[in-house]
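Every chain is named by a letter (A, B, C, D and E) in the order it is written, and numbering of its residues begins at 1.
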Amino acid sequence: MTVTYSSKVANATFFGFHRLLFKWRGSIYKLLYREFIVFAVLYTAISLVYRLLLTGAQKRYFEKLSIYCDRYAEQIPVTFVLGFYVTLVVNRWWNQFVNLPWPDRLMFLISSSVHGSDEHGRLLRRTLMRYVNLTSLLIFRSVSTAVYKRFPTMDHVVEAGFMTADERKLFNHLKSPHLKYWVPFIWFGNLATKARNEGRIRDSVDLQSLMTEMNRYRSWCSLLFGYDWVGIPLVYTQVVTLAVYTFFFTCLIGRQFLDPTKGYAGHDLDLYIPIFTLLQFFFYAGWLKVAEQLINPFGEDDDDFETNWCIDRNLQVSLLAVDEMHMSLPKMKKDIYWN
Amino acid sequence: MTVTYSSKVANATFFGFHRLLFKWRGSIYKLLYREFIVFAVLYTAISLVYRLLLTGAQKRYFEKLSIYCDRYAEQIPVTFVLGFYVTLVVNRWWNQFVNLPWPDRLMFLISSSVHGSDEHGRLLRRTLMRYVNLTSLLIFRSVSTAVYKRFPTMDHVVEAGFMTADERKLFNHLKSPHLKYWVPFIWFGNLATKARNEGRIRDSVDLQSLMTEMNRYRSWCSLLFGYDWVGIPLVYTQVVTLAVYTFFFTCLIGRQFLDPTKGYAGHDLDLYIPIFTLLQFFFYAGWLKVAEQLINPFGEDDDDFETNWCIDRNLQVSLLAVDEMHMSLPKMKKDIYWN
Amino acid sequence: MTVTYSSKVANATFFGFHRLLFKWRGSIYKLLYREFIVFAVLYTAISLVYRLLLTGAQKRYFEKLSIYCDRYAEQIPVTFVLGFYVTLVVNRWWNQFVNLPWPDRLMFLISSSVHGSDEHGRLLRRTLMRYVNLTSLLIFRSVSTAVYKRFPTMDHVVEAGFMTADERKLFNHLKSPHLKYWVPFIWFGNLATKARNEGRIRDSVDLQSLMTEMNRYRSWCSLLFGYDWVGIPLVYTQVVTLAVYTFFFTCLIGRQFLDPTKGYAGHDLDLYIPIFTLLQFFFYAGWLKVAEQLINPFGEDDDDFETNWCIDRNLQVSLLAVDEMHMSLPKMKKDIYWN
Amino acid sequence: MTVTYSSKVANATFFGFHRLLFKWRGSIYKLLYREFIVFAVLYTAISLVYRLLLTGAQKRYFEKLSIYCDRYAEQIPVTFVLGFYVTLVVNRWWNQFVNLPWPDRLMFLISSSVHGSDEHGRLLRRTLMRYVNLTSLLIFRSVSTAVYKRFPTMDHVVEAGFMTADERKLFNHLKSPHLKYWVPFIWFGNLATKARNEGRIRDSVDLQSLMTEMNRYRSWCSLLFGYDWVGIPLVYTQVVTLAVYTFFFTCLIGRQFLDPTKGYAGHDLDLYIPIFTLLQFFFYAGWLKVAEQLINPFGEDDDDFETNWCIDRNLQVSLLAVDEMHMSLPKMKKDIYWN
Amino acid sequence: MTVTYSSKVANATFFGFHRLLFKWRGSIYKLLYREFIVFAVLYTAISLVYRLLLTGAQKRYFEKLSIYCDRYAEQIPVTFVLGFYVTLVVNRWWNQFVNLPWPDRLMFLISSSVHGSDEHGRLLRRTLMRYVNLTSLLIFRSVSTAVYKRFPTMDHVVEAGFMTADERKLFNHLKSPHLKYWVPFIWFGNLATKARNEGRIRDSVDLQSLMTEMNRYRSWCSLLFGYDWVGIPLVYTQVVTLAVYTFFFTCLIGRQFLDPTKGYAGHDLDLYIPIFTLLQFFFYAGWLKVAEQLINPFGEDDDDFETNWCIDRNLQVSLLAVDEMHMSLPKMKKDIYWN
């Protein structure tokens, strides 16, 4: 479920964001505590080895190695690579959110353009609406692990009422080596044309209005599919990950406190706990976690989109809108500003 | 209320922006003075402890600590992280402004396409317009704290004239576990269809034109809702906040003036007031404040959108346009450039 | 007036941009020479004080201060803050240009869809066109200082022929606490509907085509208004300005030539004229000037949009197009490639 | 074929991205191993020469050269140039993906708007659909090396069933010095108009809906063509390539381990294997490889778009949709939520 | 002519981009060799003066100056300013390419919507198409130096067959102090309306479809014009140019090899040829050249758009499409996948 905190930051107040630092759900701490422990344990282990196990000559060698590592840690362009990469990931993530398919536009049109309050009319509208919901469900199944878990087979889709047994038979019957998520839209078009021929849809203007809206819905669906199909090139993700992991590996050695009595530059203080290195770990690893969370927003992270909820909401609301609410109108009354 | 200063910077003049530095409302000073005082007090406290309380050995230790902190303060990538983050926040903020729902496009269409100057015609146009305003009010209530304070319950919505008692009953009667802000748009569609059947709307072209515009309005509403629902991932905000806060914490120790007589590099001057550190505080904390202000532009900051004003303006103007001004026309006269 | 130099850089030639360095209008020199003089004078004054007035001990103190300033000048993140800020400003500026309202699309439609070469037909087309121009004029008045100077009152608008006296009366008569720039568009819609009823506009397809185009025009107008109303948050501008001004203030002290004989690192040369600091002044102050110029492109800078010219051009051209040129056609002849 | 790994990163887990580091297909290792070997061999060769072949004086000279190279290696703005350049390439690459032409929108419209289940009707729909597929094939042939290999001549296009022999004759017959990929769309328009005259397409609304969709398809095609035709300016690519290659060339000399006994700063450790330089090679060369892979996504890289698959899928699916599925409808049944 | 190299980089291969380094047309070498020679000559001259002409004291002074220059060369923010500026220029350049007006969408519509194979019908379609081409020609004349050279006067436009003598008379006759490139579109609208009245265009749906497409074409034209009219503010270009030029000027002195025997830090090697400075010259000057080339893509650079070719192609293709190919259709035959 998405972690919403916008109401917490409605006003810029005294150290406004500090309250956000004490949240657990979706927080940097929850996401990073395991990595942090591993990092701290490794650091401590190396520190203990250096302090207790190594002999004098080994210590000298380790100290040189540490200084060498520290110097090169600076040269790894973590900040830059991360900055550009995370910007890319965040943009993709937001575009995916914006292109989530919502049936609301279609349901307004179907409710107002497909006429007839009799059973056939109701069936027509409900079936059209169901086809719309079915398509997005088919897409979500191939995009979202959470939805796939809920609907592992087409049986589950039928059981959940998105498809009738007849439709499933026709669907399976269709021979195509390719994905068939577009099939319900063909049915949609055919059914709408039939309704137009029967006079349930008044004229071509109304019909094309429906078809245009359907195509818009389809574009949302296929864009989602595209984002899943063609991700950020693996090489880019690997470059970034390598950069960050290498940086931390280097820090394990390069940021050790060396014996102050040896007088190495910048090593005249032994704090035991490398506070700034740990903080750097939080910044960079946290920044990378932003990317890990958003690169596929259809998983089950705290901050992922609630696709299963969307599916339920869309079916419930759209059937309600085109059936029960069709032509239902509150009595018109003069409003309080009349004259 | 938004702080408008564009007229002050219409022309690029001698040190053009310096005048902006002397504003109070919405200014960096107003937003930051409390944090600044806290920072200055802490700095002074530490300074006094160092100068007056510590013994010689403690002083030496503190000096080493200070130098250590100063060195690592440089390594915190505040500038970069802030640059990318604020860019993200500013883009979202502007997109939210651009997607504020304005009923003007719809009111032009309703005024010109829904015919009849009799009472029924007036009622029709006013009711359609009211549904439009009602939807955006429902959205604003869940998005903006300021609007929510003004309309804490649906009673207030009815009282303010956005909804009639009948409508409210029907609205409440509707069973759905989900948000119902789309309901007035179903009514809108139904009412428009009814008007079409009665001949008040001439043909499908006019009707679909209305429906398209309504769907555009709905998209604005739902996009606003989306921005509120799915914010910038909490982790990102935490990473940035941690980076900035840590930086300042580090500066409290690392930027102390050390005893010049000890000959530490870069510490041969004791100014007492750390002018540049204080300025850096202004830059970075100010930059972060930009984000704090804009991350939710529907609060009550000086620079937040005036949603309550929008709501009033939209209702007043749109009712005026579709009712009083329907078919009102100044007498056509030849303009002064005629022939 | 906009400074156009694109024809000067059509081809990439030998040191292609160097010619641009010798322009005066809209140039960095014209914009900056006053600030530059102030900066140079202050620098010289401080230099003279240091060289001639200070005693030995004071000199030593000043030298330390100067080195201290110089070191921290580096830490002010001017480049970064400016880079992000100017990018933001430039994007906004270009979007404002792209959204300048041009009546051309509407005039083509009015000329071809509103029929009748008699006086009533001409009056109809001219009046529709005038309403369009009137709206943008009302917007420009509240957005642009140059236009406001030209049309300080509604009297001037009437005098200039954008509005008739009757229209003004009706306009003033309308009671609304809010801006009324949308009123001419209501008139536009009403008049178009009347024309449709009279058969001057053939059918709903033509009418809705006109209305859609009008709404597009309105969106341009309101977007311009929005850019003026909701500027870049004051805090952001202040942060940037403070950063740049502070940087220069720091340079005044930190970039002084210190006595070479004292052997301070990097101070073994006394050039008297701090050529690089002056150049840096040009870069950073020039970069900030880009922002100052573009943040409100409706002023009277050399590079601002010529809104008054636009207003004149739009009225002249659009009246010409819908009246004199209505149904005017050159005789059709076979072109030279016929067969 | 595109390398899809999004299901692997659905959830942010413990060191979430580390699994990606062990993939081979499309990975940084597969792309870079040859360059890496060359680099390592050259480095080793130089190292051996320095250690074993050079005389004392030559060694001293080489050491100076190495230090000189190392110092300037830092000054090459690799990170920055790469950051901006890769961002540009990635944006172009994604836009190309988003503009791949899919016939789905058209096939829905054709299936529902072009009537008649008799043979003529079927022929009509299939032919319209074929013209659409033919156009994109013609574009793909000139854009994608993979497609060109599969269809080296128009004969192959005819053989594959995208074109009939008659059409090819007419196509070849047409005299134009320019590319003729637009010809099938003229046929499409003519055929649709003919169908409208025969009453197979009901009215202008349906027809224009088809034409609009066709024009959208054409825009996708021509945008793809544009991306291929007008690439990123050669100079930009050369600047970036030169920067990266120079950097690595410099590192070959500048990052050699110098004799620790000579006491050069930063050279008191001889690790033999320059681990950090090799890692830097991976980062920068990997980042450049991202650009190399994406700059033309229509080749045969692991991460390139599967255009040949697209072509097959589009033909198969669209013919299926407009022919076999035309007016095919599952029996309407009440869904399980009925009442 | 555009330099197309995308087929050369279809696959990421071993040192994939290295082949691009050996191209001449449109390359960095062709663009920069003159500047490079000047730079090298100046550098050598200064070097010779230092080595041969200066006396001992003068040498010492020059050495100090050189070190001073070198230190400040680092402070010039060339990379950053160039990064942001080139990004801006590249975006504008690509938008201009995307908005080049192509008549294809219009020619499909005209061919299918304007009926009649008789001479009057042909004339109608050809004339409409010619007006479209005429408008873009008028725009290109004021935007592109190459086109202006080809059509220096309106006589040339008439001669080339874009305009008839009658049209030119009417065009010149029209009194307006403003540019008149919109006039052919008025004619277009008038002619289309006439065709609608004569029944050559069937109904308003077809007509408005044409008008909408024409307005889209017009928007492309006016956007191109806008890009030419309102360029990147001169100040911005000057700031960038000054930064780069200053940087190189500084390098001429600051990057001289100083006498190694004097023991200046970083000056213990005399290579005579400042290889890295020359490379830096290539990077930065090359980067700036990218901007110089793209800032006005309508010149005659190797990489500029081939506007004259576009003009010819558009006229030839569009006349062919609306005349010869009007209603021409290959015989419909069953495709090879039939059943």
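The criterion applied here is as follows: a contact is a pair of C-beta atoms (placed from the backbone, for glycine too) under 8 Å apart; a residue touches a chain by one contact, two chains touch by 3 or more.
Keep in mind the model is a prediction, meaning the values are calculated, not measured.
Colleague: Common contacts of chain B and chain D?
Modeller: Under the touch definition, chain B and chain D have A as mutual neighbours.
Colleague: Compute the rotation angle for the C-alpha superposition of chain A onto chain D, expressed as a multiple of 5 degrees.
Modeller: Fitting chain A to chain D on C-alpha atoms yields 70 degrees.
Colleague: If you list every residue number at the chain B and chain C contact, are more than half found on both copies (same) or fewer than half (different)?
Modeller: Answer different: the two copies use largely distinct residue numbers here.
Colleague: Please work out the Cα centroid separation of chain B and chain E, and write it as a whole number of Å.
Modeller: Distance between chain centres: 39 Å.
Colleague: Would you mind pulling out the distance in Å between where the CA atoms of chain C average out and where those of chain E do?
Modeller: 24
Colleague: Which positions in chain A are in touch with at least two other chains?
Modeller: 31, 80, 83, 87, 203, 205, 289, 293
Colleague: How is the touch graph of the chains shaped: line, ring, star, complete or other?
Modeller: Shape = ring; chains linked end to end, path closes on itself.
Colleague: In which sequence are the chains arranged about the ring, given a start at chain D and a first step to chain E?
Modeller: Traversing the ring with chain D first and chain E second gives D, E, C, B, A.
Colleague: Going by the contact rule at the top, pick out the chain C residues touching chain E in the complex.
Modeller: Going by the criterion above, the answer is residues 2-7, 9-12, 14-18, 20-21, 23, 26-28, 31, 79-80, 83, 86-87, 90, 97-98, 102, 104-105, 107-109, 111-113, 115, 202-203, 205-206, 209, 213, 266, 268-269, 271, 276, 279-280, 282-283, 286-287, 289-290, 293-294, 303, 305, 313, 316-317, 320-321, 324-338.
Colleague: For a test of understanding, state which residues of chain C touch chain B in their complex under the given definition.
Modeller: 31, 34-35, 38, 61, 64-65, 67-69, 71-72, 75-77, 80-81, 83-84, 87-88, 123-124, 126-127, 130, 144-145, 161, 164, 166-167, 169-170, 174, 176-178, 182-183, 185-194, 203-205, 207-208, 211-212, 214-215, 218-219, 222-223, 226, 228-239, 241-243, 245-246, 250, 288-289, 292-293, 295-296, 298-301, 304, 315, 319
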